[in-house]
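One chain, subunit A, appears in both complexes that follow, with subunit B as partner in the first and subunit C in the second.
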Partner chain A sequence: MKGNILNSSLLIFKKDLKSELRTRYVINSLLMFVLVTISVIRFALGDEKTENELLTGLLWISIFFSTSNGLSRTFVKEEERETSIVLKLSSDSTAVLTGKILFNLVLSFALNILILILFILITDYSVKNVTGFLITVIIGNFGLVAASTIIAAIISKANSKGTLYPVLSFPVLLPLLITVINATKLASLGVGTEKLYGEITILVSYTIVITVVSYMLFRFVWED
Partner chain B sequence: MSNVEIVCNKLSKSFSGKSIFKNLDLKISAKESLTVTGRNGTGKSTLIKVLAGLLLQSKGSISINENNVSLRRENWFAKTGLLSPYFNLYDELTGFENLDFFYRLKSDVKDENENPETVNSLLQEVNLFDKRNEQVKNYSSGMKQRLKLAFAVINKPDILFMDEPRSNLDKYGIEIMNRIALQHKERGILIIATNDEEDKQLCDNSLNIEDYK
Partner chain C sequence: MKNIFTGLTFVLITFVIITGIVLPIPDIPALGDKARVLYFHVPMSWISVLAFFMSMWYSIRYLKTREADYDLKSYSSAQLGFLFCILATATGSLWAKFNWGSFWNWDPRQTSIFILLMIYGAYFALRSAIDSDEQRAKLSSVYSIIAGVTVPFFVFIMPRLVESLHPDPIINSQGKIHMDSTMLTVFLTSLVGFTMLYLWILNMKFRLERLQFKKLKNSEN
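So, the complex of A and B:
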């Protein structure tokens, strides 16, 4: 508690990373989930020539379900294994949330790089404006992680954790998903980055609002 | 010695309208100790959780040195230590990694390479130094309880709460637990929830939770 928040956040992040690398609690199931999803998409598409508009939608379906499968575990794991009390007794709630967001960011980015590589390898997906595409995917990921982490904290206190996550996350993530799918679709078709300014502004605003609300709410969720 | 003081005023707790205890007044100062007794299911652990700040009371107030606990529970956690059967430490980390993690969180140690003498001496005190590099999942239940005991006192708390501290401990483990409890009693407040006669002898005062129904 005496330690500063940044220091404590990094300690929690490192603990989560070490713990995950040892138990493979999330990584293994996520890898399998990604492989199965990408394989299903491959079989569904067959040898058909598919437009980028449709492929962008399929890409974000893969990203959304994979991340929601993994990111929701971060707090559920603490509750299920009865370790949340020791964390609560030892650290400031802001540090806990920051540490969990950092861990989810690393997990989400690693996962998305894997999904993107596999997706490009098995489909005809091509990106004409790579800079615009990467900017929207990166900001979209920040928004996805910020929203998913606070929702994960909320559902970890509920009895029906698994079913509650999609119910809660869908309405919260809908504005983000619509915007990010549209922006990545335009970037993949070759629309210039300057013309994506509107979508990028919405994504940045969404991420900032969700992050601020998360920090305001988290103490009440965590200490309940 | 700390000059800590806990004051509870008309403390009540209920779950879904069912009263667990009510109108509990309590005042304990440093170097005082208390056992909370009562049959199973009568609310001993609930009282410990409320006093430790893990549960909010339904009515009444708890203050430490005249500061209201409910307003900023993190400040309260910094002054307390808790040994309870309702939590676990991290199974996939070693005993040393667990205590080092919590020591760094609770103190202000920033240097990654700083030799945490406190952690090593605590591990020696609970007789787990030789097993410090083994993952906790390989510990016996008695060893886990001793590690939890070390966790409870890692921040040299002003107030130590122990809920059924003898759980899973053998004779040797109980000696360690008694020694740590007595050491703590010399400088702070000790509150034990138990029905064990030997535990009761560790404390000066006793409170039967069933008197507050």
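So, the complex of A and C:
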């Protein structure tokens, strides 16, 4: 498997996808998690007419917690099944990170589409500027995945994995979350896409910075 | 040399404490005597940021050289930074009670110091969750670098959220410092004095950490 990095990252991505589709460990629990979260929001809101300002915040709370449940698993499962040693021997660290990021991207986009559909169906959330909304959500997702993957790699080596993940990821993700919440709120209220350029620039540069730093630092986390 | 440094630190800090309270300060609208907090609050915030970036710098050095000393330095600096961060939050919050009417109202400055506290907290939580020394040093170094690169984003994000009521626009409007010469002297002495105090405690803390580290290593063998 050594040699072409792109090839081996694709292989790692396929391996993760296959093992996920076979066991459905993450998918099943995440589906239920999303459903539970959004139902709780629905029951908490009751029959009250809620403004988009509030609903956008609730939407991102459900996205943050469900992605943090899903994305944090990528490296932990390698450690738990003790497959990480084989992975270390068989491929380059850059390829591992790329494969994991690809898998997390697929997972996170699927999750987000699901959350958005359910959220719009269950609560009366309406988006006025759909293009701007989608652009910010998509770029925000890339940033979310980039930051989550490297933090997932860090926590996989620590002791209390489950509780540590939100603690570590929150301060790192906060610039992204604040910006993306603000931008999606504005878009849902009908602000034009051209007025969101400031937010989009911040999101893009955040994603680039985090990705570059992840690739620089990943080998320290991964290799013993 | 070391004694001179220690002595000078104490002289400067004593000077700041006495003159900061005794000397008259110019009349600044809406602040008055409450502006005296600036002699203590600003250096503390400065140290909490400086200590964070020092810690990040030592983390980079550690990843390059793999010498345990750098990790201990990074850890010591983070501990000190956390202490100063709490002090800056407390002094700022007390001041806010008397000037803004509430201890905490999520002003952008308060939000940013809250995030700094969170980053320090996460760093210590990570360190305490790893058993092996080498792993702990490596992972916490990586984390502090990742957290460090996201901090500058707040400079761009915060002004977009809410207008700040923090008084540096009042004292320091258009980037020109409007303190009179006595105030400026005390303030700059305070900055130098507190920075020296930080370096002095950092050195002691690092030596203490190193002794404990060696003791632990010896007991393991």
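Following the convention adopted for this analysis, the second predicted complex is superposed on the first by the 222 of 224 C-alpha atoms of A that agree within 3 Å, B and C clash if a C-alpha of one lies under 4 Å from a C-alpha of the other, contacts with A are read in each partner's own complex, and residues count from 1 in each chain.
Throughout what follows, contacts are C-beta pairs under 8 Å (C-beta built on N, C-alpha and C of every residue); 3 or more make two chains touch, one makes a residue touch a chain.
In this text the structure is predicted, and so the values were computed from the model without any measurement.
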For A:L114 in the superposed arrangement: first (subunit B), second (subunit C), both or neither? neither
Examine A:N159 and indicate which partner it touches, taking first as subunit B and second as subunit C; both and neither are also allowed. second
Is A:I122 touching anything from subunit B or subunit C once the two structures are fitted on A? First, second, both or neither. neither
Looking at A:N7 after the superposition, I want to know if it touches subunit B, subunit C, both of them or none. Which is it: first, second, both, neither? first
Please indicate which partner A:I210 is in contact with in the superposed arrangement: first for subunit B, second for subunit C, both, or neither. second
In the superposed arrangement, does A:E82 touch subunit B (first), subunit C (second), both or neither? first
Touched partner set for A:T23, first subunit B, second subunit C, both or neither: first
Could you tell me which stretches of subunit A are touched by subunit B in one complex and by subunit C in the other? none
Subunit A residues within the subunit B interface of the complex: 1-4, 7-8, 11-12, 15, 18-19, 22-23, 81-86, 88-93, 95, 223
Within the complex, subunit A is touched by subunit B residues 52, 54, 73-75, 77-78, 80, 82, 84, 86-93, 97, 101-102, 104-110, 135, 151, 155
Can you check the complex and tell me which residues of subunit A touch subunit C? 147, 150-151, 154, 157-160, 164, 167-168, 170-172, 174-175, 178-179, 182, 198-199, 202, 205-206, 209-210, 213-214, 217, 220-221
For a test of understanding, state which residues of subunit C touch subunit A in their complex under the given definition. 63, 115, 118-119, 121-122, 125-126, 129-131, 135, 138-139, 141-143, 145-147, 149-150, 153-154, 156-157, 160-161
